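Okay, so chain A shows up in both of these, paired with chain B first and chain C after.
Let's turn to the complex of A and B:
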């Protein structure tokens, strides 16, 4: 999947995550803000990387503002933003 | 057993993650009215991930998809059906053809995914005048249909009348739906009571629905779940009577008697059937004793 435009998904409400995806020329860049960064930052980044891999995204900047979302929510928001960024939804 | 069904917006993670601890027998993750058109894609993926990863336990999971007159319904099914929700709620059903269309589409996904045929059931939401008039044909049109649900808000708009707490304007529709559903052997659920703060009104409305023959009631608020469960559960006296009925029937069989009476009333087949239903509910709710 090629990221061709900026896109967002999710909200800043509790238990949700706000995800921004932008085109990037130099591989994958993940920017993470989270209320549980110390405890779960690495796990969240790993989940984001998995979703990127599942969607065959090799170049993108993904910014995640996590408001205490569980894993399946973060994965859903990243996937939605990716699909919106390629313009197929 | 399904007494209470609780709507939860399909794009609100904070409510979804707690869906299984709110006491409802069934939760309805809503992809229709609770989700704006711009967020349909997002909600669909969130609900799909919920089914795939979250494993909500202890309650039935129903997904309300978008109606067949939109471009969303088949995209909803593509994402949801492979993850085996207990049922799909189909809104704005006008006639059997709407159900058939969706059932055939679900069958295609089930086959493609190697699922057993008819794994995913359908609950039809009747909320148009045409749907009410076609209720009998809808209830019996497809083996996936397990229940009907009356949606009075859209219905009263279609009837061009004002929706009231007393509900006189929907009495005919309630009775028609109950009769159609019972004739076809499917469950039937009453419309939500929409005043979230009026708990007394909720009890009154639920008791009336039970008296008409509804199986249970749908809710838009977790605050109403407890009341609905209470109203649609058998009372202690009903449970005791049901046990007495089955006990006396057993005794009559042993004694070779054909006709029996209890508390001065003849016990016939409908009373025995009703007693069995009560004891089934007792077992489902309290883990009661088995008479077989």
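Let's turn to the complex of A and C:
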């Protein structure tokens, strides 16, 4: 999947996450903000990387502003943002 | 009231009828509608009453409020999300907001981080450590002490500015020159920056910095939540000075700030006095430099602009450096009024 434009998914409400995806020249760049960064930061990053791999995204800048979302919510928000960033949706 | 039973109402900006309704809503919350607003989103309940609102002007979120009937429903993150989405569509990612210090927790929960706060105002951005990264990215020069700074608008760059820079540069090892970004100036920010850069190119220890979001222009500064509007100007200037001290001066080891004396303008004079009070509490020295004169009058950019309004470009020749004059000869006619 090729990221061709900026896209967002999710909200800033409690128990949700706000995900922004942008095109990137080379490689994956993840910026994570979370209320539980110290406890689950690495797990959240791993989940984001997995979703990127599943969708065969190799170049993208992904910023995740997590407001305490559970894992499946984060995955769903990232996937939606990626699909919106493809351009033809 | 069911959480989802709200209608989203967008306006860029709102039409007069809806705007009047919003003004009445904001008045109940002790807020005034900000005339500069470009985008507004309201959440409206089933009876047509505004439940929550958020607006945008350039990269600043403004006039955020939730009806007292709907406190505790989590409407503020919802309405702010809608506005951030709108900003994203416009390509604006880096957002700022000014609020009362008591709202600190609420906006922290939405992913905003404090930059500076005063008694009356809290300034936040949606990028953690954004200001520190910005300052880290600025060129610093070689010296580690005796570092000075000037913040100026240069609308446009005159011999007066040139004299101030020369005199200040002679008194420090490195001089940082910040050119303000003010949308409302007659000369666009890019032009002003270029003219300053060319105008001081021959002074080796001066570093000119591109305008930034952090040196706040009074044009963006909101006053809608400050009850006493006469206090707003003061509050603005204290915030501005604190940002300079707590971030720029601290990270760049700036110990001196230079300003031109202000013989005529009362407002600028008051600002300079305030600057001395605030900066000295951070151990930064304020040095006033006597204005340069030509033909018995202090050189000021406003005099230059007056000549340009009359299309009298020749008359500016003695007031601006050759680098600025070269530009005015070519483009000066644009500023005729």
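Throughout what follows, the second predicted complex is superposed on the first by the 87 of 89 C-alpha atoms of A that agree within 3 Å, B and C clash if a C-alpha of one lies under 4 Å from a C-alpha of the other, contacts with A are read in each partner's own complex, and residues count from 1 in each chain.
Heads up, the rule we're going with is that a residue touches a chain if its C-beta (ideal position, glycine included) is under 8 Å from a C-beta of that chain, and two chains touch if they have at least 3 such contacts.
Values in this document were obtained by computation on a predicted structure and should not be read as measured data.
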| said: Following the superposition defined at the top, how do chain B and chain C come out on chain A, clash or fit? | reply: fit
| request: Pick one for A:3: touches chain B only (first), chain C only (second), both, or neither. | output: neither
| field | If touched residues of chain A are counted for chain B and for chain C, the larger one | value | B
| Between the C-alpha centres of chain B and chain C, what angle is opened at the C-alpha centre of chain A, expressed to the nearest 10°? | 120
| said: After the superposition on A, what does A:72 contact: first (chain B), second (chain C), both or neither? | reply: first
| Can A:60 be said to touch chain B (first), chain C (second), both, or neither? | neither
| When the two structures are overlaid on chain A, which partner does A:14 contact: first (chain B), second (chain C), both, or neither? | both
| message | Output check: A:84 vs chain B and chain C. Expected answer is one of first, second, both, neither. What do you get? | response | first
| field | Per-pair minimum CA distance [chain C against chain B, superposed on A] in Å | value | 6
| message | After overlaying the two complexes on chain A, where does the chain B footprint on chain A coincide with the chain C footprint? | response | 13-14
| Contacting residues of chain A [partner chain B, same complex] | 9-10, 13-16, 69-73, 75-77, 79-80, 83-84, 89
| said: Can you tell me which positions in chain B touch chain A when the two form their complex? | reply: 12-14, 17, 41-42, 45-46, 48-50, 52-54
| said: Quick check: in the complex, which residue numbers of chain A touch chain C? | reply: 6, 8, 11-14, 18, 20, 33, 35, 65, 67
| task | Please name which positions on chain C make contact with chain A in the complex. | result | 74, 77-78, 80-81, 84-85, 88, 91, 93, 109-111, 128
